[in-house]
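Chain naming follows the written order as A, B and C, and within any one chain the residues start at number 1.
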């Protein structure tokens, strides 16, 4: 008997089920098809303006820095200003995300933009989130041909651009968006929910930022995005 | 790993006299409790979410076979492989086989209690594959040849000075004069040292906080980012997860995430919640080319349908041990195996046998704090009592305890005998103490008087005095 | 149940608890006084013994069941059953019904019994509506929340409310008042060294308040803490909260010598 059958048989015997129990199968099928929503905290259930404000506030609470810009075209300048303010070299790593590509990076002559997956020497990565979650100040990113996951983890500084209109009240709305993009039950290779910069409390329970992932997380919220 | 749970008493005596450990354990008391409380106070729906989380797990366990099948189908559809391991040995062999076919010499590891449970590191090393722990706490204890003393804070038993000494010993290629006096500098050094290990590794092994039947995804919840680097940089990603980690849908994940981080570290949400599904897709610029899931039973199915089934709701947040007075006193290693604290006191006997782990469910004051903070509302004291019942019915507890208890119960079941015995014994005891209020030593009460005075009976029993009062009352009426 | 027995003068069966019966009868008399002052008719059935926790928590279910049957039979017929202990009351109220699963007759009897069980101080406040006690107590006290009373029965505010009504009494809260004292019934003799470490933590918190008197609602915890404080040479008086509420503090505190 394979491990698979052995385990499933033991499980069925313990539950008192038979493999051809159609009533149980129906229950499971139904739940997978139409997941009940559960308890959604009131915290994030706000009108758009307050929701965006809550997102910024929650993100700041987990030590992300947050700035708001008026339109996508303002992002490259904001990135350049961030690099200057942190004394970072004028070089960023990013994927070929079409929303980022549409921005006028070339107008900033001194800024080097490297495309493709990150390597160990990159100091700054720039990503575009597909959603934000106001309840917790979380940004949602996913992998794809234009969105390397390494950009989210290898650089010391991670700059994430999120459109204000994509900021949801809760995680469930963000998941629903991914379902809509990829189809029910289908997922990209990686979905990252990122809430603040990397941290560790493993030495004497003292909370320190910048463990293995980015030491700093900078969020740029695009109001007219 | 070697099980030292039978020596729990000896282990705990050592722990109590270890000054470094006692100093470090102070951080548990101060580190976790207030943070958890603050985050919960800020979420009015917390208790409703606990109920929701419990209902989700109960539903899932009642349909576990079907959700596992549906999960497997989805993983395969996404291009991943699912392996089923009945035992720890099966799991180890499956993982070794994956490493061998990947030609792996080094594997990086994200923090995972299940790989501790199956003793993966020792096994891989013996077979010539080098496992490198990348979570800071796990990395530190791997340097020391130790095992985690806490399920979410593996190095919580260590002080900063001990970590510094270990880094100086092991990182001997770095300048001796470097400053490591602050936790920040220790963290920075670990980050630098581990960075190139990720690129060196051929296989990355992580655990999973959840598996999702709807999508075939595995989810890890972390703060450092090491788990993510572990699973995106090497060519092969192996997920090791026990079968009860499964949840029906992403909505269910959302419910449990809201209670997990709050209960564990007092965060609303951990920094990185990563949902992984299959290997990299055509056109993806990074990510693993192979994705394997090893589903481990190793005793879980034997808990299903028993009085210990509720334990399978556990999401490994650590809140029970963070609030446990016994854990605070002796730390995690005293428990003698992988899982310490109240959850370990229930789980360890299930997984290694109550013959070996019998002390664990007994070493509890039943103060109930673990149950009161458990996000999944697991009745931990009740299940520890169930273990005590099994031990008692199998005659596993010490004979002196059993005979003492039987003798006491014999009297307690017979009210007249009880009245008679206490009305002689108590005044006698009271006579012996004279005008003193307590005993400094009393035969047969050494367990008590070793550390404290034993307050003496006031005089005659309440019942004796009450009967006299009734008699006096009746005389007055007559 | 409570609705139809909401008499002004309910008949209360006092479950004395074995520790109070044997070691500290004063607590029993203080309980009787408090209950009578609140308008109850108090009786103390002689056939009571112990609630059965030592057997129950040692895994000896069959003896526990026999002890429980005796307790239930003894206390049938009272409007309420009241115990000056959160631990024993918790056993009677929360654990008895579960002992008889599958035995419909006894399960029903146990459920009816458990519904009438209360811990003393919470009974006074929540059921009898007592708002204050007419005694004075000059001095500072600190209050330890015993685990079963706190977590099984939700007793936290009730004793503090009554204590705050006492003229002259100053309540000084200790750090971690809701953390276990390390008693744990047989735990303290099965694992004496761990129990000691836990009670050391507790007495440090007690002593840090500078309070003259330590109060709690469970004699097991009180004897543990009193014994430790005394071994440490600390000059803290230890009493059951009922003693202070009833104004019965003339005798020596727990473990103290007769004057």
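Keep this in mind: a contact is a pair of C-beta atoms (placed from the backbone, for glycine too) under 8 Å apart; a residue touches a chain by one contact, two chains touch by 3 or more.
All values derive from a computational prediction rather than experimental measurement.
Of the two chain pairs examined here, A-B and B-C, the one linked by more C-beta pairs in contact is A-B. Taking the CA centroid of subunit C as reference, the farthest chain centroid is that of A.
Separating the CA-averaged centres of subunit A and subunit C is a span of 52 Å.
For the pair subunit A and subunit B, the distance between C-alpha centroids works out to 30 Å. Taking the mean of the C-alpha atoms as each chain's centre, subunit B and subunit C sit 32 Å apart. Within the complex formed with subunit A, the residues of subunit B that make contact are 24, 27-28, 30-32, 43-45, 48-49, 52, 56, 59, 61-70, 72, 74, 78, 83-86, 90, 134-137, 140, 153-156, 158-160, 163, 183-184, 186-188, 191, 194-196, 199, 213-217, 223-226, 228-229, 232-233, 243, 248-252, 254-255, 257-258, 265, 267-281, 283-287, 295, 297, 301-302, 304-306. Residues of subunit B touching subunit C in their complex: 9, 12-13, 16, 325-326, 328-330, 362-369, 371-372, 385, 387-393, 397, 401, 405-406, 408-409, 411-415, 418-419, 422, 426, 435-438, 445, 447-448, 450-463, 465-467.
Every residue of subunit A that touches subunit B in the complex is listed here, in rising order: 2-4, 6-8, 10-12, 14-17, 19, 24-25, 27-28, 31-32, 35-39, 41-43, 58, 62, 95, 116-117, 120, 135-138, 143-145, 148-150, 152-154, 170-172, 175, 179, 185-206, 208, 210-214. Interface of subunit C with subunit B (complex): residues 16, 20-26, 28-29, 44, 46-50, 52, 54-61, 63, 66-67, 70, 74, 147-148, 151-152, 178-180, 182-199, 201, 223-224, 226-228, 230-231, 251-252, 254-258.
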